[in-house]
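Take a look at the structure set out below.
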């Protein structure tokens, strides 16, 4: 057994006995980390589900291109070529004026409750175009619409409905706001965790001092504290992810009907795996950094004497 | 000067000198409280503004009652009486079939881009009814609509638009969810704060022990710690409310355009005064309770010997 | 007047720390308590100021039955005593002056006199030049003298001193001893636990010898 | 070999704690350091194991220039020393056994020997029955003996003992003194700060007397 593994083993043993000797402060730190990670996790869940909802509603945005009555077949095929060359288009549906009129009459009947029967069809032929989901899809749609508008065969272009536009604005606002809140939240919770770890190390200054006095190397002093911090981070994040898993599955079963009514086919999302790992990693990192800085700072104070 | 005020003065003096002697732990506790109150405050801001938004959009819900073409004047005045007797109705507007047709043609032209000119008017007369804001307004509207539907002079009834219904569901879901999150958040942060205070008292056990040994009464020991806890709560909440005030006015100026586009006339709300007071009160209460329990528990341990 | 009747104290494991101890100390007496390390000297003092319970027997201090006191009124007993702890128990965050003044604040003394009395107590133990130092900035003997000053500052009727000269040189020790004797002359009862043969040698005061929790001679 | 050349140590305010101190202690010597409270005994020991800096002069310990050491390598110096602190510095959360074993773990000793050596050191100071007690459960003298055991357990070439018998009765004191003398016979250098006339009286070893930061006699 070489010296490095020996040191590691001793440190691990020291860590375990330290934790046993300071159960209360250890548990308090773990609890603080668990709560903080839990808050961040819930926040992520909210954020992701809001995003998923937005995406699912966004799917419904479509572009309707009404054609002039006197459009020539060559103009029509030009138009189709434009559609085909646009890589962001997902599907395209040709709607004849007859079909459109039937649909229109049906919706009028359902909503206003009166039957239109004019004896002639005032509507033109049209194309219904759906776009692939992407970051800046709605901007792309409006640009593409502007382009089409200039096309000679196109009577008019209609896209989205007012509410989707408004709703999208609201969602983007929400996203921005939540992003800001999330950053603040993370910073705040990181501060809280590192303060707790700092306090718990603070109450063990005498121990650090003594270890140095009886000939411990700086790393021998630091490593068990750092291991402890890492363990706190690990334990804290595991506790809270377990708890969140429970909350998640509860919400999922409890709220399924309302979720279905909001967005059919949308699943209530848990934190996605990369973010799950990120949370665990983050809390380990905080445990590490906070304990490292605290011991380091305190040892600096001691060395200045 | 009687004995009680003397004790109070001594306690205050002791509190101040304690704080001076333990600046670091005091500041850490204040910081933790400030962050926690800040998180709760931000949460409240989000919650209230979401509510305000919901209310402002909800204003737009209206009931349209289409009349039969052959409605008799007495049936019409019966209908008006029904409207008048419903205390939840805010305003009622009579829309003649001519006006309705003009409007319809206009929107058709704007959206589809084609002019309808049928030579006759297929639409009926109608009433547009707005309701006062109330808890269960939308349920009330749908009930009232069901009632009207049975009326002989009524051709059909239309209320809301699909998106408002769907959006309302979403909002209620959000509200419920946020309420749950808020409760969890509060509990978690209360735990964190009391743990921090507990840790900071933990590092002063020797002080408590000594005070008792040299003849301090239990209350003489407890009161300065409790004052300190209260002060921490007060300072923490003030710091964070100050910070939140800044964030608020920043957001208010920065996001005014997007807010206006979301809901005209809606103000971005800060935490309302009662909740502001509640936050300050809560953090004082936590400071009080946490320090009280920690000193009490530790003194119990000492007394058991 | 201090009385212990057949007191048995057992810390849990092993032999009892005090095994059927009976001691009677008159008001105004000066008594040395001695015996080897672990004999039970500190334990007796701890019982006298109500810091440790005892399993059997009776303890009376100035007519108070110590065993009957609880957390709510034990301070009445403790206020009649000045205690010098074997490990000093100074507050690390307070200066020498504040440590001594604090003992008076705790017992709600008149504010105006605190400063004066603190000053006087520090002069008695020769620490006025160190009044603004923190305990960590003092030598062992200086810390011990702060503890002595703190115990004396309230002029209590009883002084319990646990090895108060263990870290002091002979010269200062005998000065401190003289100080105790003067306080004793003014009417205070003094119980003084010590190992030091030099302090015990003159034989001016009663010596109670303990060994393994029993009174060997009194 | 320990050497101090014209060392001046000033803690900040007032007179220097050490004022131009020069001391030479040979390898394998047994030296008493004495002097009144606040003379500077502890300060000298602290400088020797690199716990306090000094403003002027030179300090050599086993050929190492102590002033040149920094946080990264000071442990090499400290591992050559066993230190008994005036205030013991035991870890309150570790038992007697763990406290003594810890001193070996810190210096990365062979695990298998730790148990045996701890046991032996506790036997030397007569504390085997208390091995599972925590420091707070020990009498003052017992705590002091734990500190002695911890300093000796690594059989260091130098032992710095700061008032190691202040809380021990005469009998145990002289036993401990014999223990130091035995260790000294086995080659260790011993610097023993004390006030006790009883310990100094036999006059078997060199005595360095300090007063107000100056060497009075050597």
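The letters A, B, C and D name the chains in turn, as written, and every chain counts its residues from 1.
Here is the rule we use: a contact is a pair of C-beta atoms (placed from the backbone, for glycine too) under 8 Å apart; a residue touches a chain by one contact, two chains touch by 3 or more.
Treat the numbers as computed from the prediction; the structure is a model and nothing was measured.
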Starting at chain A, fewest touch steps before arriving at chain B: 1
Given chain C and chain D, the chains that contact each of them: none
Farthest chain (mean CA position) relative to chain B: D
Whole-Å gap separating chain B and chain C, where each centre is the average of the chain's CA atoms: 61
Inter-centroid spacing, chain D versus chain B (mean Cα positions, whole Å): 66
Contact graph of the chains (line, ring, star, complete, other): ring
Which pairs of chains touch, using the document's own definition: A-B, A-D, B-C, C-D
Touching residues (chain side chain D, partner chain A) in the complex: 49, 51-53, 70-72, 74-75, 78-79, 81, 83, 85, 89, 91, 93-94, 98, 102-103, 105-108, 150
Residues of chain D touching chain C in the complex: 11, 14, 34-38, 41-42, 86-87, 129, 137, 139-142, 144-145, 162-163, 166-173, 195, 197-198
Footprint of chain D on chain A - complex, ascending: 3, 6-7, 10, 13-14, 17, 21-22, 206-207, 209-218, 220, 299, 303, 305
Chain A residues within the chain B interface of the complex: 24-25, 28, 31-32, 35-36, 38-39, 42, 46, 53, 66, 111-114, 116, 118, 122-124, 155-158, 161, 163, 166-167, 169-170, 173, 177, 181, 184-185, 188-189, 191-192, 195-196, 198-200, 202-203, 247, 251, 255, 258-259, 261-262
